[in-house]
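Given below, in the form of structure tokens, are the structures.
Paired with subunit B in one complex and with subunit C in the other, subunit A is shared by the two complexes that follow.
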Partner chain A sequence: MARARTSDSLAWVGIALVLVVTLAPFLWLVMMAFKPAEDIAAWPPRLFFTPTLEHFATLLRSDFMRSFGNSLVTSTVATVAAMVLGVPAAYVLARMERRAARRLGFLILLSRMVPPIAFAVPFFLAYRYTGLLDTLAGLALVYLTFSLSLVVWMMRPFFAAVPPALEEAASIDGAGPWYAFLRVVLPLALPGVAATAILCFLYAWNDFFFALVLTRTEARTAPVAVVGFLNYEGWEWGKIAAGGTLVMAPVLIFSIAVRRFLVHGLTAGAVKG
Partner chain B sequence: MADTLAMASPAAGRATARRRAPDAAQRRFRRLALWPTLAVLAAIVGLPVLYLLLTSLTPFTLTQPGTESDFSQPLRNYMLLGEDGRFWNSLWVQAQLSLFGVTGQVVLGTTIALLLHRRGKVAEQLRGILLVPMVLPPVVVAIIWKVLYTPDISPVQWIGAAFGWEMPAPITDPDLALASIIVADTWQWVPFTMLMVLAALQTIPDEYMEAARIDGAAPVAILRHVTLPFIAPVLVVVALFRLVDSIKAFPLIYILTEGGPGSVSEVTNYYAFLQAFNFSYLGYSAAVTTVLVLATVLVSWCIHRYGPAEADHG
Partner chain C sequence: MTVLVSTRRRLLAAAALLPLASPALGQARRFQGVRLNVATYQHQFNTYLARYIPEFEEQTGMRVNFNVSGFPVYNQQADLELSTRGSAYDVVNVTFIYAARWINAGWLQDLDTFAKDSRYTPAEWEPGDFIGGAQAPLQDRNGKTFGFAWEGGAMMMGVSRPDLLQRRGLRIPETFDAFMEACAAVHGQDGVAAFAVDRLHHWHWPPFLMGFGGNVFRQVPDNLTPTLATPEAIRAADYYAKLLKDYGPRGGLSYTEDQARQALVNGQAVFNIHSHTWQLPMFAEGSRVKDTARIAFMPRGPAGDFPGANCQGIGIPIGARNKEAGWEFIKWMLSKELLSRIVKEHGHPSVCRASVIASEAYRERFTINGQDIGAMYRAVLDKPAGSNYMAYRTVPVFPQVGDKINRAIERIASGQANAATAMQQAQAEAIGDLRRAGVAVDG
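For the complex of A and B:
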């Protein structure tokens, strides 16, 4: 018994260690965002300081807010488009014969797996000819390459969980398939719709690669802007940390909102939903 | 579905007959709901991949007009790949990044999952908190580690100095650059393995554990003969998923080391990016990328074929 207790307390020590290693680096950056500039460079690094909003104020006055807006617009447009296209398709796939659905499922899995660089060159060339380079519309369109398959993949189990008997009952009552889908099935899958939309938004929001390759100044997104601080404006760590904090803020807020469904979306195909 | 039912019983047959007309509407609905999505996917995923393949057969460079449709030596790029030392180096770097990254994530993630696989409110809350790195934007993760790896402002350096250790600047040291990327990548993705393994652990029937314990099996023996065999399939899937994602590694490398020093941390994905967007050799970059896509298709097929039945819904 005593041995069991020792190994249990050892386990808690391990857990505590994991917690520190996981959270400390992230909290350090957030702390830096609120540190006065002279304290950031201080040696040894200061744990206690008078918090300041000066770095955020600098950002508010700069171009960064426009990039932040671009991020919001492209992520939202991509999400809405992917939901409008993907949700009905996911419903049909959930009701389809297993074999055909399996084959389509593989194609959708593939489109999640292909590295973004495979899309970068074709889209870059196509956008050069069509003038979509450095536009919000072009960026939102390229986000569909991953968000559409994400929506289909995430929504399917939600629809599969709705008993088909409900639609059958609706159709016996004379309702058409659209009515059955929109008025009977969709309301039941609403939590799934909300979670999927948020996750879809986050994936687009987190994108760095496409925005780096397909935008310059007009449609530049927040992640690219923050990285720009690293490259071109010397080492203004306070500004960089504040920018990073702003970029992660929506992600953290939304993640807390959907943490129950998050598990399903992040494991993307690897476990049963 | 309706047809099978119809054959099963005459009563059901009558029911289907009554529903003939709505059935046509049903089919129209399915077409309308499914086809636009498949068409869009074909246009934005299928066409670009096809275009990529075609471009890989040309010596396309942006500075020389006409090269985009020059198919006179279609396999030239692939031939050049064979002699390109930097390409082979990038594959080697990729192999190291994938091997050490994925192994580290699977081992650490499994260990943490085993530690946290316990009842109680605290453990439950902790599981949620530990997911934070995984949801952060990759750019933010890269910045976090840039701070930790930059000597002047890094708290890690300071802790090292306090113990009297001479700490190198990892991202500018050729021996440590790749390792520092692997550490950052592992930090972000250990939670993923943890999450998946925890889910798998919850499916182990209590009776198995009970039986082993009653038989007097030591905890290590239980782990080896009951727990690990049970979660093994999940570990395979997790490893394959992380393997595919490690081929996509980009923001960490772009922000932390830019592939350097020299090309010690230049993975194939990054090399393809440089060829296309720094050197403008789009045709050659497309050939490099095609190799990557083939590797991804192979791994995806393995997931589809050997993964649990649920994994195929991708």
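For the complex of A and C:
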């Protein structure tokens, strides 16, 4: 009994240590966002200070909020579009004849096999000629192309796990294929949909590389705007920290809100298909 | 009827007089409706400039899309844009560290075609008025100009507490030996450190390297073999690391620019070397040393005096759609009149026109504590003009080599390795990096 208690205590200490190590950078960032400018560079670092919202206020008055809005729009549009196109495609693949599905699935996965940097210059040139450079539509389209394969591959095992007999029963009751898909199969795969949507959103939200290459000022996203605070004449630490905190916030809130689906969805996807 | 005839006569008379109208007016209005895309990075000068752009738009009828990004973001985007010979920008910042790459690759327009042609540029604009040292990195081997400097950086030595030197009977040091002696004398007095710089060692160290007779590369731009393990380089690294290790503040090895500047302004560190614009805050309101601080030339080494100098230029991409309009903007932006106004109205110190620096308004503004900072600034900025000793910094492979310099200095200053070992390691790593990048190196 005593040994079990000691073991439990050690486990808790271990967990606490890991948490401290992994969360310390985030805590440091958030603290810096609330520190007065004169305390940011203080040595030794001040753990106790009078919090201020001055950095957030500066961001609110600057172009940063526009970039933040651009991030929200492109990530949301790309995620919704990827789900709308990818989920039915995954369902069809799950129900297709096995060999054909595997071949098609492999082709879809090809786009994820090439490092994104390989696409940068072709995308840049194509966008320049088509006028999509520095547009929200152009950026959302890029995110869509990369997210689509992720959606198809993540959702396929979820649909494969739903017995076809359910659709057959719906069909006997007069339901067409779309109705059966939307009303019978999709609700059963909702945890997977949630997990996949979060991953798509995270991919688009956190992207720096394509946003850097394909935008200038109009469609600039929040991650690029934060780097913009690394100025020639010095780094604006307060703004960097406040910007970083704001960039983290939606993902954190969203993830906490759907964490039940996320855990269930990710683990289910991991052991099937 | 009479009215009609009279109006017609007036119109005819006016038409006859049109060719005699001011050429300037005709010149300016021919850009009516042009949308000019200017790309640069965030800098105080550009913040000031943006305030005057409506005047330019009013004069010319152009609309200026003034894109300002963070320094790293701008460089990435401009590099991609120029390398694909894009037409998105009509005017770009010619970043110092990319200047050689962009110019030698043919990605920028030869500006002499405009600056030396009276159809585009009146004689009083005077391209020769730009300081030679600042212009050197913006020219190719044949002397053609691909940019005009709007910002100059001249490395000097900030001395926040000259009183501590006086107390020890010392003067502001002028040689490496005297500098080390001065650091030893003042370090720890009144609880202050002698020497504080940030971690940008690949900017601070090369003047010491050259002062001891070394260089970063064998022969820029023809032979880019790094020369980091020569006896001169090892000696310079040892010297510089000693300054950091023995005479720096606690935690000084991890200082950022802000921290180093703050240490100087608060009088917590006596010496700092950097571009003079970084040291001017010593004289600003709120500085504890504003009435006594001094700015001095970098100390010179046994092989000579090689203070760092850099510039940022403005140019036109080779693929730009509106080159003539772009030149009109550059001409206006760097005119003596506008630069003088920016100096006078905002106190901007780092302009690159000799006549503006020599002007009464500039001298009045930047004669501080009895020192003519402008004259010092100009002298340093002009130094590389003949030998272009700063060329090492503008070659495309410098960032890789600079990174090795930074790490080597940190290894020495933190006691992880002695100077010879650290510099030999830096040399081996730099050569390895350059070989992998396909750069021809000796041996």
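In the analysis below, the second predicted complex is superposed on the first by the 234 of 273 C-alpha atoms of A that agree within 3 Å, B and C clash if a C-alpha of one lies under 4 Å from a C-alpha of the other, contacts with A are read in each partner's own complex, and residues count from 1 in each chain.
To be clear about the criterion, a contact is a pair of C-beta atoms (placed from the backbone, for glycine too) under 8 Å apart; a residue touches a chain by one contact, two chains touch by 3 or more.
Predicted model, so just to flag it, every value in this text is computed and none were measured.
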After aligning the two structures on subunit A, examine subunit B and subunit C and state clash or fit. clash
Quick check on the superposed pair: does A:217 touch subunit B, subunit C, both, or neither? Answer first, second, both or neither. second
By the touch definition at the top of the document, which applies to A:133: first (subunit B), second (subunit C), both, or neither? second
In the overlaid three-chain picture, which partner chain does A:228 touch, first (subunit B) or second (subunit C), both, or neither? second
Could you tell me which of 6-14, 78-86, 96-104 or 114-122 in subunit B overlaps subunit C after superposing the two complexes on chain A? 78-86
Residue by residue on subunit A, keep only those touching subunit B in one complex and subunit C in the other, then list them. 41, 43-44, 121, 124-125, 212-213, 227, 230, 237
Okay, in this complex, where on subunit A does subunit C touch? 41, 43-44, 121, 124-125, 128, 133, 212-213, 216-217, 224, 227-235, 237
In the complex, the residues of subunit C that touch subunit A are 39, 41-44, 67, 69-73, 76-77, 80, 84, 86, 88, 250-251, 256-259, 261-262, 277
Under the definition above, what is the set of subunit B residues touching subunit A in their complex? 1, 19, 22, 25-26, 28-30, 32-34, 36-38, 40-41, 44-45, 47-49, 51-52, 55, 68, 111-112, 115-116, 126, 128-140, 143-148, 152-155, 158, 161-162, 187, 191-192, 195-196, 199-200, 219, 234, 237-238, 241, 244, 247-248, 250-251, 254-255, 269, 272-273, 276-277, 282, 285-286, 289, 292-293, 296-297, 299-301, 303-304, 307-308, 310-314
Could you list, by residue number, the parts of subunit A that touch subunit B in their complex? 7, 11, 14-15, 18-19, 21-23, 25-26, 28-29, 32, 40-41, 43-45, 85-86, 88-89, 91-93, 95-97, 101-102, 104-126, 141-142, 144-145, 148-149, 152-153, 156-157, 171-172, 176-178, 181, 202, 205-206, 208-209, 212-213, 223, 226-227, 230, 237, 240-241, 244, 247-248, 251-252, 255, 259, 262-263, 266-273
